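First chain written, first letter: the chains are A, B, C and D, and each begins at residue 1.
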Amino acid sequence: MPSTTSKPALTETSYGKSRIRLVQLTRRGDRHELRDLTVAVAFEGDYDTSYTDGDNRDVLPTDTMKNTVYALAARERAGEPEAFGMLLGRHFISRNPKLARVNVDLIDHGWSHVADGAREHGQAFVRRGPEVRTARIVTSHEGVTAEAGITDLIIMKTSRSAFADFPRDEFTTLPETHDRLLATALTATWTYRDTDVEFGPVFRTVRSTLLDAFARHDSLSVQHTLYAMGEVVLDSIDVVERITLEMPNRHHLPVDLTRFGLENRNEIFVATEEPHGLIKATLTRPSLIRPTLPR
Amino acid sequence: MPSTTSKPALTETSYGKSRIRLVQLTRRGDRHELRDLTVAVAFEGDYDTSYTDGDNRDVLPTDTMKNTVYALAARERAGEPEAFGMLLGRHFISRNPKLARVNVDLIDHGWSHVADGAREHGQAFVRRGPEVRTARIVTSHEGVTAEAGITDLIIMKTSRSAFADFPRDEFTTLPETHDRLLATALTATWTYRDTDVEFGPVFRTVRSTLLDAFARHDSLSVQHTLYAMGEVVLDSIDVVERITLEMPNRHHLPVDLTRFGLENRNEIFVATEEPHGLIKATLTRPSLIRPTLPR
Amino acid sequence: MPSTTSKPALTETSYGKSRIRLVQLTRRGDRHELRDLTVAVAFEGDYDTSYTDGDNRDVLPTDTMKNTVYALAARERAGEPEAFGMLLGRHFISRNPKLARVNVDLIDHGWSHVADGAREHGQAFVRRGPEVRTARIVTSHEGVTAEAGITDLIIMKTSRSAFADFPRDEFTTLPETHDRLLATALTATWTYRDTDVEFGPVFRTVRSTLLDAFARHDSLSVQHTLYAMGEVVLDSIDVVERITLEMPNRHHLPVDLTRFGLENRNEIFVATEEPHGLIKATLTRPSLIRPTLPR
Amino acid sequence: MPSTTSKPALTETSYGKSRIRLVQLTRRGDRHELRDLTVAVAFEGDYDTSYTDGDNRDVLPTDTMKNTVYALAARERAGEPEAFGMLLGRHFISRNPKLARVNVDLIDHGWSHVADGAREHGQAFVRRGPEVRTARIVTSHEGVTAEAGITDLIIMKTSRSAFADFPRDEFTTLPETHDRLLATALTATWTYRDTDVEFGPVFRTVRSTLLDAFARHDSLSVQHTLYAMGEVVLDSIDVVERITLEMPNRHHLPVDLTRFGLENRNEIFVATEEPHGLIKATLTRPSLIRPTLPR
C-alpha cells in the first residue's frame, strides 16, 4: 500500500468541542435543583478527507455539538451525567453517518443547598469541592460503555501508614518509616457492567466505599492502599467491572526541629506538591479476565 | 531635573517569606486533629540601607522566618490561625529592633474527618473546599490588629435576584431582568474590635450569617446584596467592627433556544468566568465613623 | 453599642467589569498587526444608594462598560494600551455624573510575527511570554494618571549574587553565600510624569533598562538589586516619576551530592516555587519628595 | 484462571516520581549555560505483589528516583533532554530486575541570555515561553524509543482561514466563513526513527517547520491545517517517523457592532478560551504502515 509518493497515514483522529458549560435549573415549587456540568464531545470516524482535503461535507461543526448540548438539556432535561451523556451519544451516533464512536466526557460540579438552621434554603446554593464527579460515555454502533469517576478527592490518613523494606542503592537516602502521613488527590474512574445502573446512588456508594477503605487500611505503601481500595469496590459493588485509581503521593515531610533544640514527635510537617510520587493501577473483576485480554 | 547627588526615596518597602506550608497533627488518643496552614510573613521597618547599600546586618533572613513558623508551632502549638499569627507577630516584633510592623497572613485549609457510618474515622481526613479560611494579623509596637476572612466561597441564588432600572446609552444592550441567577465567588475579610475573640466560633458564625443573608435577600443588584450581607454581620456580631466584601459577578447567561424551536423558561444557562462583573465595598460600624476617617 | 437607626458607613466602594477580552486586527496590505488586550474597568463615585437601597438609576451596567470597550476600539482603534485606557477613561468620566474616578487596567498580550526565513510572515503570529505588558489609567475630574508595567518577567542571574552578614538567632540555619543563583518573576509598575509620553518606545526602554541593570548588578541581596534596578530607571528615563518593584525570590537550592559520593560545584540545583521570599519597594524621584508626602 | 475466590487482576500499573525540578548550570568562562528541566520517571514491570501484599522488596523508592536524577546530572551532565532521558532509562533498566519498561518524561524550560546591546550578558537569563520543549524516552529490554515535542505553542493566523460547506441540522447556527482568525495552543509530539539524532537542531527544525506550514496554509478547517503541518514535517525531516498534533480551536468571535451603529470589518474580536474546539490526529510516514498496524 505505501509507496514513496503516498501520503502520511492518519490514525488517532478525533475532533469535537470541549468545556461546554451548562447549568440547568429545575424548579420544584420552592425548592430548586441545580445541575452544573462541563461537557466535552469528541467524534471519531471516517473523517480523513477533512484532514487531507479540507472536505467538510460530513463534519458536523463543533459549534453545533455545543448547541445540541443545550437543546437536548432543554428538551429532555439533563439528569445524572451518565444518562445525559448517553442521550447525547445516541443523538450524535444516529445522525452522523461517518461517525464510528463518540466520546462524551462530563464533569459534574456539586452544589449543596445553603443551610437554614436545621433546614435548607431551597433557592440558594454553595459549591462543594474541590472534588468533582466525572463520567465518560462512549457510544458506537456496537453499543454504549459507561464510566464514572471522581477527581481531586483530597484525602489524608495520619496513622497506619508505613513504607519500609525497600531496596537501597548508592542514591537511596530515604529512611524507613512506620508512621507517616499519607496524603493524595485521588482520581478514580470505574466502568459499569452495563448501563442499567442507578447512577447517582451507586456513585455515592463507590465514593464512600473508597473513603472508608482508605481510612481503614493498614498501609505498607501507596500501591498497597490503592489496591485495597479498588478491591473493596469490586467486592462490594457488583455493577462495577473495573476500576482505575491514580494516587499522587503528596509528601508531608517531618521538619527537623533538633536544629532548634526541639523535638518533632511526628507532629510538624511541610506539605509539598512538588515533586510527588505517582501511583496508578487498574483492577478488573477476576471473572472478566480472558486469556487474550489485551494489555 | 533631579539633582545629581540625591538618591530616590524609598516607600512601601516590605520583605518576607510567602507560602510557608505547615501541617500540624495533634493526637488525642484515637482522634487526631489537623491544622493545615499556608503562612506569609512580611516585615516593614527601617531597612532602607539594605536596599540602598546591601547592608544586611539587621535583615533577618526570610529563611529564618520560615524556620520560626515551624519552631513556634512545635513549641506552642498552632491553634486558631489568628492566635498563631499573633504568636508569630509578638515573637518578631520583640526581637527585631528595626521592625516597625509585621504582617502575618494565614490561609487555613479545612479538612473533615472521613465518615464512618454515623460516626467518624478519627485518623482519616477529606479536604473541604474550594473555600478557605483566612486571617491577617498586623503587629506593631502600638498594638495588634486581627482580621479574619473567607476566600472562594462560591455561592448562587436562583430566585429573588433582579437587575433593572439602570441607565441606558447607545452602547447598552443588556435587557432588564427580574429573575436571574446570581453567582459569585465571595471574598470577605473583617476586622475584630480587639483580639479578645473566640476566633473559631466567631468565624463560623460570620460564615453562616453571610450565607443566610445571601440566601434571604431580595436582590436588586450585586451591590445591594453585598451591602445587605455586610449589614447583617455588623448588626448581629458585635466583635466585628468592619467588613470588606468582594463579589465577582459570575454571569450565567440564558441560552437563546428559540433558534432551535424550543423555549427557555429560564432554566438553561451558560456559566461564564470571563468577563465578569466585580463589586467591592467596605462597611464600617457607624459608631466608629469619625469625621476625619481617612478614605 | 451601635445606634439602632444608623446604618453602616460605606467606604472603598468600586464596581465594574473585569477580564474583557479584546483582539483588534489591523490590516496594512499584506502585513497585519494584532492588539490583544484584557481590560478591566472599575468605577468609584457616589453610588452608595445602589448598595443601601438597590437604586440603580445611575449605575451604568458593567455589560455596557464591556460593550463600550469594543465600540470605542472599533470607532477609534485601540493603540498603545495607555492611550486606549485614556480614551475609555475620558468617555466614562464625561458621561456619568456620579462617577468620581474610573480605573482602567489593561494587560497587553504580546504576539510576534512568525519568521519566514530572514523575513516575517505578515499574517501569522506566535505568542510571546510568559511576561505581559500592563497599564493602569486613573481618570478623575482633576486629571489623568498613567501607570505602565510588566508582569511575570522571569529572570535569573548565575553570578555576582551573594547573601551574607545577616543576623542569626536560634532558628537561623541558612548558610552565608557569596555565589548563589538569583531568580525572580518580576512585577514592575511605574508612573509617568504626565501623559505626553511615547508609550510604546518608553515601555521597551524601561524593560531593557531593568534587564540590563539586573544583569550588571553586584547583588548583596534581592533588596539591593531591586533598588539598583529602580534607581537606573529613574536616573535614565526622565518621564518616569516613580517605580514599584515586586520580586519574589524563587529559591534554587544546591543539592547535597556528598551523600552520593559526588561533589556539587555549585552546578546542580532544585528549583522551588514554595516557599518563596517576597521583596517589594517603591522608588520615587527625589525632586518629587515633599515633607508631607503621605506614606 | 479466574475463579470466584480469586483476586482482582492488575493491569496498567505504573509508579514513579513526577515534577522533579532540576536546574543545571554550566560555566564556560564568562558565559554560563542553563538547563532547566522538570522530569518524571515511571516504572512499569512485575510489581504486582507490592499492590496485593505490600511487598516492597523490589520497589525502588520514588525518592531514590529523584536522587538519581540529580546524581546522574552531576556525574554525566544533563545535555539535551532526550539524551538525559536515555541516560536515566539505561540506568534504571540495568539495575532493577523487575522493571520491564521505564518512561522518562522531560519538560525543558527555555531561557535566553539577556541582551547586552548587540551582544549578550553571559550570566543573566530571561525565560522564554509560554511554550516548552518536551521529550519522552521509553526504555525496555528490547530497546529505546525517543519522542520529542512542544507544548503550548500559541499561534494565530489572520488570513487564509475558512470554514464552510459543513452539514447543517436544526441545531446549527454557525455561519459559513471564508475569513476568520485561527488561533490555537499547539501540542505536538513526534517519534524519532532511532536515537541517532541531533536532538537540539532537529527540534528547532521541526518547530520552525510547523510554524512556517501553519503560516503558509490555505486553511479550510483546523483539521486541514493540522494535517498540512504534520505532512510537511514528515516530508522534510526524515528522522521523524510519526507526529501527533493536538490543536484546540481558541475561538475569536467577531463582535456584533451594528447594535452600536458601527460596522465590524472583521477587525474586532472577543478572544475566548471556553468552550473550545479540539482537533487531534497522528500522521505516520507511509512506508511504515503495515497491513496489521494496530489502531
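To be clear about the criterion, a residue touches a chain if its C-beta (ideal position, glycine included) is under 8 Å from a C-beta of that chain, and two chains touch if they have at least 3 such contacts.
On a predicted model such as this, the values are computed, not experimentally measured, just so you know.
Set side by side, B-D and A-D show the greater C-beta contact count at A-D. Of all chains, B has its CA centroid at the greatest distance from the CA centroid of subunit D. With centres set at the average Cα position, the gap from subunit B to subunit D is 38 Å. Per-chain Cα centroids separate subunit C from subunit D by 31 Å. Annotation: 23 Å between the Cα-based centres of subunit A and subunit D.
Across the assembly, subunit D contributes 21, 67, 71, 171, 173, 259-260, 272-274 as residues in contact with two or more other chains.
Chain contact summary for the complex, subunit B toward subunit D: residues 170-171, 173, 259-261, 272-274.
If you check the complex, the residues on subunit D that touch subunit A are 1-4, 6-21, 40, 42, 47, 50-64, 66-68, 71, 95, 163-169, 171-174, 219-224, 226-227, 230-231, 234, 244, 248-249, 273-289, 291, 293, 295. Interface of subunit D with subunit C (complex): residues 21-27, 32, 34, 36, 67, 70-71, 73-75, 111, 114-116, 121, 123-127, 129-130, 153-160, 181, 208, 211-212, 214-216, 252, 255, 257, 259-260, 262-264, 266-272.
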